[in-house]
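Pasting a structure below so you can have a look.
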Amino acid sequence: MYFTSDNASGAHPKVLAAITRANDGFARSYGADEIMARVTARVREVFEHPEAAVYLVSTGTVANSLALAIHSKPWSAVFAHTEAHIATDECGAPEFYTDGAKLIGVAGDHGKMTPDALAQAIGRIGEVGVHGVQRGMVSITNVTEAGTVYTAAEVADLVTVAKRWDLPCHLDGARFANALVATGATAADMTWKAGIDVVSFGGTKNGCMGVEAVVMFDPAKAWEFELRRKRAGHLLSKHRFLSAQFEAYLEGDLWLDMATHANAMGARLATGVAAAGARHQHPAQANMMFPEWAMGTHQRLEAAGAAYYQMPASPGMEAARLVTSWNTTEAEVDQFLSVLRG
Amino acid sequence: MYFTSDNASGAHPKVLAAITRANDGFARSYGADEIMARVTARVREVFEHPEAAVYLVSTGTVANSLALAIHSKPWSAVFAHTEAHIATDECGAPEFYTDGAKLIGVAGDHGKMTPDALAQAIGRIGEVGVHGVQRGMVSITNVTEAGTVYTAAEVADLVTVAKRWDLPCHLDGARFANALVATGATAADMTWKAGIDVVSFGGTKNGCMGVEAVVMFDPAKAWEFELRRKRAGHLLSKHRFLSAQFEAYLEGDLWLDMATHANAMGARLATGVAAAGARHQHPAQANMMFPEWAMGTHQRLEAAGAAYYQMPASPGMEAARLVTSWNTTEAEVDQFLSVLRG
Amino acid sequence: MYFTSDNASGAHPKVLAAITRANDGFARSYGADEIMARVTARVREVFEHPEAAVYLVSTGTVANSLALAIHSKPWSAVFAHTEAHIATDECGAPEFYTDGAKLIGVAGDHGKMTPDALAQAIGRIGEVGVHGVQRGMVSITNVTEAGTVYTAAEVADLVTVAKRWDLPCHLDGARFANALVATGATAADMTWKAGIDVVSFGGTKNGCMGVEAVVMFDPAKAWEFELRRKRAGHLLSKHRFLSAQFEAYLEGDLWLDMATHANAMGARLATGVAAAGARHQHPAQANMMFPEWAMGTHQRLEAAGAAYYQMPASPGMEAARLVTSWNTTEAEVDQFLSVLRG
Amino acid sequence: MYFTSDNASGAHPKVLAAITRANDGFARSYGADEIMARVTARVREVFEHPEAAVYLVSTGTVANSLALAIHSKPWSAVFAHTEAHIATDECGAPEFYTDGAKLIGVAGDHGKMTPDALAQAIGRIGEVGVHGVQRGMVSITNVTEAGTVYTAAEVADLVTVAKRWDLPCHLDGARFANALVATGATAADMTWKAGIDVVSFGGTKNGCMGVEAVVMFDPAKAWEFELRRKRAGHLLSKHRFLSAQFEAYLEGDLWLDMATHANAMGARLATGVAAAGARHQHPAQANMMFPEWAMGTHQRLEAAGAAYYQMPASPGMEAARLVTSWNTTEAEVDQFLSVLRG
């Protein structure tokens, strides 16, 4: 009953097998391996975009930070939801990589920005000319930190606002596959067809060992990306091991299969939790949820071996953060629900 | 006949097996995995230093850069050999991580600084008070970029110079195991017993997939290290896969065995190359060498399938950079020498 | 009728005379001039603090930014009112100087943080360990951006909150003299006696040409300040001209006299404006106020030659920002009020 | 007998008078003052370039640093003479402002780079692709740190080298007027007609209080310059006092008259010093020279009241750095020479 995080799971056996295969013999280092060439081609197919620039890094934090750095300036305002991962959980990595850009929180229920709130936030910035930071870019997280999802149309609506001011748009897709599965959108629908310029396309949380792709639909910034990645110590010498993971991840739609499973387990868990009378803080739309229980319930679950994070909620109540992953089993979910029902 | 780099080799089967074992089940993320606790204990044993702080990252560039960042200030001078990796091959990563510290090149034959040259370089800095950068720290690379090694006593001599000004000292040990094997020094001799404050202890080039340890003998800076690592996107969520590599690397002295082999292959190759009449630019003391040949010889080697880097040398001559690794075979070396002899 | 800003005024004749006097002959450069030694002594007297470190720079932005930089880390959270000058009007200078620290806005009516709101903001930060920015420091602006003032006791209450977490506290005193005059506090009461660690002590807005002092009550960081100032290009070679201004500013309490006058003109204007029926957005407690008028009134004032900034307020209304200064005359104020009354 | 530095002199009376005049009444702040509009027009006339962007700042360090920052990237190599002020005397300000660019020293006799040495330095950089810093820009100091000057043709020759790689070129003209007077070149000849992209046009050392112009011949980067200047705290609110200085500086060619005088005093001093038997370390071509004397001579000069910097030279000898300025008198020079002759 391990619902702490999808990054507490290991890698899918096919990913591991690919790493083992990739280990044979010598390979060119620093991204010049043959597998990477195939990964680039496959990512372009997945996104239906033959010119996308594709790079691999080992964490979501650096994927996001580099995506922000190449599309902003040190004096830029970067608009994102108040609770976005880049704003709250990366120890200032975006500020480090952008040399000091300023994140502007946009509020919104259930982890989602609304077009109006975004427009107001962007509008306010820049009114003081040279005295203030300048309108820079927008970052949208999907699946959100609240476990909700934006549809492709909702993403497009936010991008439309951003483009009134010609701002580049980033999609933080640490759980990109879960968002696609939840909404039925294609990778293209959710990104460049909605106007997104750069995506952090997550692999780690969804069955890889540690790999994220950064996909840029305008390849003009590719060289700058390579320099920034190297300068940050994120260009792996034995890069083939990143490539191999991502190739296996995409092959035969393994990535979508794993997300489909994780979301299904999420739905089973969410439904059961609600049936047991708990209030969900946010609609549970993918593989993460935040139900509230009294302390006694938490103690009972913990005593039974359930693992997850807790955080203060309404008086007398604590919220749980429950995350399902590619290898969560029905049995685990059902055992949890059984303990919950008492 | 692949002598391009030791990072063109894959991982040792035992390292791969450890990764596979580590994949089972759930594990705490972000460095709180159980394997990491064992790695820390084992590294402390290897260094005979029960209080050392030990962290894992995935590249040598970031290991070096973080080691520099926590021991310097943005206005520091960092003294290193003119040809040090941090000065020439990391795209300014040290400047990025230190927020602008200044590398001061110290010249010296065969990739090695002399105590006198270091003393002069340090002495010159700081003469202009607030107008100049300030004496900051010293970084020593062992094995050097020239394929030579410092003995532990030579390291201690350089540190003695640095300590006249109380400067912290870093050892860039991307090929640390090869340096120990080449000199017969223990890990302790080569580092803290010689006065070194922080080590980049390489794994990747010597049979791992992608892992380097940073070992700090004064644990006071441990928390700052953790913050800087996270902020750089170098704290892996599925950290167990770094831990597993390093545990296997150290177990049963696999790391020393692999370096012993790589150095032995280096010696066999160097001897054969010299016997065939080539001049070595630098003494070949570990697993890397720089012999010079006329272009015709290079063409013959290349035609026979030998892979390595070439660089301009004396008129009419080009130098080769040949690197042997944990999985270089005697047969490969002998075949290369046979082609060379024509 | 020029109420645009106190920085639209020139320098007091005594300040100008001091500059002229200082121009004679040669003087040691870069802060080693004799006048500076007297300024340091005099500032220490004014603050009743014999060990304070005292430095001069030419703008408030850099005074604030350096004060923040020497008391924080790149991964620090800096707590300040949502509308603080450092947060909204310095084009990200704090982020530039701190290498990426994160400003956390603390809301509060009339430009003032409350101890509770500050405590909540500080409490929230740091809950996610290494994943989030760390509690860093607090910055308090007095006079606030809303034209209100904190009493020395109110400053002490905020500092008390900050010190629960051992956070250094900065006072942005761009209008420090106006705050002292408005509250009757001494310089010592308002700063180190209230627990403040570093002050930006403004001169420019209050009758100087361009000079601000940074006063640090713990001189341990003095050398770091000097290095950061130089590195930022803010160490003036002909520094005597900064020193001369500040010496004249402090001599015979000219600084307090000028602030007394500016505040008196502010009170006369605020009273008249209220008597004419306008609503003040914030209590007018020093030399700045924000009354609201219908557009017709603004047009009438402008037509009569009044100069000030306008900003959107409640429907149908626009707020004026009116600032009085050391050389605002009663006649000017009365003329303005006369036009206003129509 | 004050030959310490040209920044130990005060301001010319006309500059001071201009400041006094500018003090009257209210003026728009932050560079929107009317005097600045006239300064821009006049600088364009002086440079015969109707589109140049012109900005004022208060120190040479920030003028240089901003000029570098807007023409480089954090991963750029900036080529400059090994002894350039930006490399040795600005406490890493260029690294701070560029977010970590790397200064590459180009050696050359008497403070001057040769085209060949520059070409070699540029050629070497960039050979390692993404692993090394990238060719960025060139900075040329004129008058050099050695007191020598480049003719306009020599500047053009260096620029021609830089333009083989399309690199932007900066002229550090802290003593720009002295260089023009020494060579007879016009401002246009020495800069954009020679291919220079951006100039630090010094005022402070040559009779101003504290003002330098940055002149960019491609105005496309003007807005970025304004943002970077503000963000650095270098946009003065009472900017009129910078404008007034520079207007007076340019009016009636005061700037050239003062440099003519300083250079003439330099020549008188240099000739006398040589006649007295001293060796000049470098040809004395403007207002700065480095003669060598035995310690006894230095002591005699010091005893007689001469002030200047000393630095170690050949065995038994110390070099003096002697700088003349706009207000050095013939009497002073002759008195010094008289003491020297003994």
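Letters are used for the chains, namely A, B, C and D, taken in the order the chains are written, and counting of residues starts over at 1 for each.
Criterion: a contact is a pair of C-beta atoms (placed from the backbone, for glycine too) under 8 Å apart; a residue touches a chain by one contact, two chains touch by 3 or more.
Labels paired with UniProt names: A, B, C, D = L-threonine aldolase.
Bear in mind the structure is a predicted one, so any value in this text is a computation, not a measurement.
Seen from the Cα centre of chain C (L-threonine aldolase), the chain whose own Cα centre is farthest off is B.
Interface comparison, B-D versus A-D: the pair with the greater number of contacting C-beta pairs is B-D. Averaged Cα coordinates give chain A (L-threonine aldolase) a centre that lies 34 Å from the centre of chain B (L-threonine aldolase). Mean C-alpha position of chain B (L-threonine aldolase) lies 42 Å from that of chain D (L-threonine aldolase). With centres taken as mean Cα positions, chain D (L-threonine aldolase) sits 51 Å from chain A (L-threonine aldolase). In chain B (L-threonine aldolase), the residues touching two or more other chains are 74-75, 90-92, 96, 99, 130-131, 227, 230-231, 235. Within the complex formed with chain A (L-threonine aldolase), the chain D (L-threonine aldolase) residues making contact are 30, 73-75, 99, 130-131, 134, 224, 226-228, 230-231, 235.
Residues 74-75, 88-92, 95-96, 98-103, 128, 130-133 of chain D (L-threonine aldolase) are the ones touching chain B (L-threonine aldolase) in the complex.
The touching residues of chain B (L-threonine aldolase), when paired with chain A (L-threonine aldolase) in their complex, are 2, 4-5, 7-11, 16, 19-20, 22-29, 57-63, 65, 90-93, 96-97, 204-205, 209-210, 227, 230-238, 240-241, 307.
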